[in-house]
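Here subunit A shows up in two complexes: once beside subunit B, once beside subunit C.
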Partner chain A sequence: MKIAVCVKNAVDETELKIDSGGKPVLTGAVTRMSAFDKNAVEEGLRLKAAHQGEVVIFTVGPPESKKTMKEALAMGADRGVLVAGDPTAIDTMRTASMLSAAIKKSGPFDVVLCSEGSSDAYSGQVPPMLGEMMGTAFVSYARRIVVDGQTARVERSLEDSVEVVEAPLPLTASVVSEINEPRYPTLIQIMQAGKKPIEELNGDQLSPAGGYRQASTAAMSAQHSARKHIMIEGSLDEAAVKLVDALTKEGVLSK
Partner chain B sequence: MSPEVWAYSESEAVSNEVASAAADVAKMSSADVVVVEIGANRSGVKAPGTKLLLKGPAGPEVSPEVAAEAIARAAKQRRPAAILIGATRNGREIGARLAAKLMFGCLSEVSRVASDGTTLSGERNAFAGKVVAKVECALPAVATVKVGYYPATGSSPQGESEVDVGAVQALVSVVGRDKKAVGAVDLKSAKVIVAAGRGVKRKEDLPMLEDLAKDMHGALGCSRPLSSDLGWLPEEHHIGLTGVSVKPDLYLAIGISGQLQHTAGMKDSKVVAAINTDKDAPIFQASDYGIVGDLYQLVPAIKRALAARR
Partner chain C sequence: MVIYTPEHRRLMEMFEPARHQEYSDILSSLGGFMEKQILPISSKLDNGTASIKGPRRALFEQGMSQIPFPAKHGGLGLPFSVYATAVELLGAADASIALSVEIHNAVAEGVFRYGNDAQKEAYLESIITGKKLASFALTEPASGSDAGTMATTAEKKAGEFVINGSKMFITNAGEADVYFVFAKTKKGPSAFLLDAPNKGLKFGEELPKLGMRGSKTREVLLSDCCVPEQNLVGEEGKGADFAKEMLHGARIVVAALNVGISQVAYGKALTYAKHRRAFGKSISEFQLTREKIADMKSGISAGRLLYLYAAKLKELGHDYSSEASQAKVFATEMSLKVCDSAIQIHGGYGYTTDDLHRHWRDARLLTIGEGTSEVLRMLIARRELARST
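On to the complex of A and B.
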């Protein structure tokens, strides 16, 4: 079974600085593998363990994205494909179109996996767009994937229900974090990851830009937090009574 | 002919919210509101404009794959200026599929949706809620609309029309559906939420917090580690970026450090109180009231204080 897993080198939101004007500082921001992508890599590795084959990691981004690629390779993936493109022109449609072109060029693949959304932008647009562009069956929010022959049985985690669907291979799917517990690479795996092959492709040549109207971010500002930040002190029971009194005054405790 | 702003959700309740958003956008850009139905009209779906029934697929329950294809075919015939979809999980799939099929730009999970007649814009959270981003796209465009932001429209339809989109072949077939244990917890409508985090040492200690929630006529929620990693509570208790977003009157965070992934799901709460042993825990930055202390001592003390108040 050939399995493609798409990962993103995302801005680490926990390290993101806000400047004095209330704007996020994205230039030089700390990046890391998007948090939920580890679940997609893990699921790819589990499918390989059950069906043999190969796990290939795909990412779109600047050369810095190689560190995220290497992290996925250290977890156990076989090789990587890094798609470079003009970063200022990359939105979700562009990302999906470059990924699909690269996956088709390196394929065919039986299963293409993504996480449901990136931990930085969390628009969740790329996986369904990729499914459409691949022309395969697409299933979102998978919490369990079982492949039997040429059919996948997938449990989808929805707001108030779990839906079971069947789809033919090749399949493109997005996974939720409850699907598995990602493994931690060992030191030896981390060292070996450096020797695994990473192919570099030119995204602009693979898939010409244009043809649609791009969505863009017009402005960004820090979320305004109007919290009171009152720290309650005193002995155990004093603090508890003060808290209950404060919440009663706020009118948020029902009688 | 005036341009059209379409509204669709596979959920009846959300459909009425999206119709309100569409009515807002239509008013700003002198457009008409069109509420889309697939396969069959649903009596619970209101429309501050006309209803458009897409005939072909057997509905009204259709998969996101079928919904996206049906709407895309109808859009190619009628050329709406904007298509708004409720940002449920299914709706987010529909929106992104539509954008790819129609080669439109797409805005995700936006509130304050607006249009000047040439662009569609909205506001959304980015970087786990640390940042508010204003996003925009030239028309025609697709947007998924944040659930729970717009009030449901009350208007009844001012006319109906139909468009035949033909039969839609689907690759993915639904073979079963299990309702999650609803009724066990309804965090969306709870006025008070007591939320447990990694500060809780053992699963056996959760009933203590559940009791506190009961004393406050509230519901028990948790941060991601307790549901997704440890499996101590079902996933529908998970509050955060990838879980449920809540806005109760009171959010009491107990033993929760307050990572952005968590606060993204509770930052709209009216009043937030937090208990944590670490005085530098980020949850205190997201709180109105904080107590630094051991939850195993403080929870019983709060229960005593609540009892004394009655």
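On to the complex of A and C.
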């Protein structure tokens, strides 16, 4: 079974600084593999363990995205394909277009996996666009994937329910984080990942600009949340009564 | 909490300019593993509701102990500074696992430096991959830093050494598969590799400790304990020199461990200081809190630089005995101050919260263990006076 997994070299939101104007400081920000993408890589590796074959990692990004590629290779993927392009300068449709062209060029693949969204921008737009462009069946929010012959049985994690669908291979799917617990590569695997092959492709040649509607991000800022502070004074008994009153007034307790 | 910080990354860039990216990838992955698998159970290890065995095994599987040893012995062949930094990260995640692993690795270093080919073959790879847990047995009930006065004896009889005596405050005792034991033969203190189980090897009760409660500490009782002659490590009678040398390396690592403890206590204090309000404002706005924050942070940075400097000297083959001791004395005493300030900043909550005061309790061991501050000051002064002539 040939499995393609798409990953993103995302800004590490746990180390992201916000400037005084409320804007995220992206220059020099620490980047690493988008957290949810590890679940997609892990699922690809589990499918390979069950069916043999090959796991190939695809990413669109600048040269430093090789770092993220190496994280996936350290986990156990066989090789990588880096599509040169600047994700901050292209929109989600062009990203999907570059990925689909690269996957088709390196394919054919039986299964194409993505996470439901990246841990930085989290638009969630690339996976369904990619499914459409690949011309395969597409299943989103997968929390379990079982392949039997040429059919995949997929459990979809929806808000209040679980939907079970069957789809023929080749299949493109996005996975949710509950699908598995990603493995930690051992230190020796990290060191050996540097020796695995990474092919570099030119994104502009794969998907020339202008073919798609180009959306750009006008502004990005941190959400401002204001907390209400209520100070209660007095003796313990008085304070308790006042606290119950205040909580009732705020709608935390019902009358 | 992020254990491998941008500050570590920058230091790696300075200390290991050629391959810093690769080393940072390794340390960052290891830090991420510790954040998920070790840090969340650290408090449980302290209060006895979780066992050290599973997380320690998982760390060995990650390759933590393989870091500084050559590839031909199953190691990763990485610089000692990378290993010391890894121990700092582990000290931040859980000090008691860091102590257990650090002592285990000191034994591996002993086998690597002084063991013959057969001993390396039999022990080194299985120790650094964690298949065998190791323990270092030097201190006795009546001898510590004056190891030359040890009372444990080893008598040669028909192809074996028969060991009698006892070893005190031994980390990993009762759990380890192999003990690096020091005992006096006719030629003086000598080192032996003692496999467990052995009918002459018994253990005292687990010692109740102030801190480092996740790791097990017991007395090792040796009664007509027979060790094959081929398990004598290095030259007979040279054991005291081996112990001294092994402890120099271990002191760099102990300094790193204490920087890790300090880092986590400091992080908690900083968060608390920002959120706790008094007299209508955050206590981080008071000058006396700020003085503590400044001193804590400066101490941690200085301790980190000292252990990295000593590690680099060791890597480059220079004499590092004074620097290793400087790093240990400074970092362990700094750590006590930082953990004390963290308690002070937390006020009553600091004194009553296990998860906060355990950092001070953990740190308290290491101005004593692996060379007391007093003995190490003597060593530093002696070395520096000798260097100045």
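Operating definition for what follows: the second predicted complex is superposed on the first by the 226 of 255 C-alpha atoms of A that agree within 3 Å, B and C clash if a C-alpha of one lies under 4 Å from a C-alpha of the other, contacts with A are read in each partner's own complex, and residues count from 1 in each chain.
Everything below uses one rule, namely that a contact is a pair of C-beta atoms (placed from the backbone, for glycine too) under 8 Å apart; a residue touches a chain by one contact, two chains touch by 3 or more.
These numbers come from a predicted model, not from an experiment.
When the two complexes are overlaid, the chain among subunit B and subunit C that reaches more residues of subunit A is B. Once chain A of one complex is fitted onto chain A of the other, the partner contacts of A:Val146 are absent, as it touches neither subunit B nor subunit C. By the document's definition of touching, of the two partners only subunit C reaches A:Met191; subunit B does not. By the document's definition of touching, of the two partners only subunit B reaches A:Ala215; subunit C does not. Contacts of A:Ala49 after superposition: neither subunit B nor subunit C is touched. Using the contact criterion defined above for the overlaid structures, shared-chain residue A:Gly131 touches subunit B, although it does not reach subunit C. In the superposition on chain A, A:Ala35 makes contact with subunit B only, not with subunit C. In the superposition on chain A, A:Val25 makes contact with neither subunit B nor subunit C. In the superposed model, A:Thr14 lies in contact with both subunit B and subunit C. Across the two superposed structures, the residue set of subunit A contacted by subunit B and also by subunit C is 14. Residues 11, 13-14, 16, 18, 24, 35-36, 91-93, 96, 116-117, 119-129, 131-133, 136-141, 153, 156-168, 176-178, 181, 211-223, 225, 227-232, 236-237, 239-241, 243-244, 246-248, 250-254 of subunit A are the ones touching subunit B in the complex. Residues 63-65, 88-90, 92-93, 95-97, 99-101, 103-109, 121, 124-141, 171-180, 182, 191-192, 216-217, 224, 227-229, 235-236, 241-242, 249-250, 259-261, 267, 270-273, 284-293, 297-298, 301-302, 304-306, 308-309 of subunit B are the ones that touch subunit A when the two sit in their complex. For subunit C in complex with subunit A, the touching residues are 2, 6, 21-22, 25-26, 28-30, 32-33, 36-37, 61-64, 66-67, 76.
The touching residues of subunit A, counted against subunit C in their complex, run 14-15, 30, 32, 67, 70-71, 74, 184-188, 190-191, 194.
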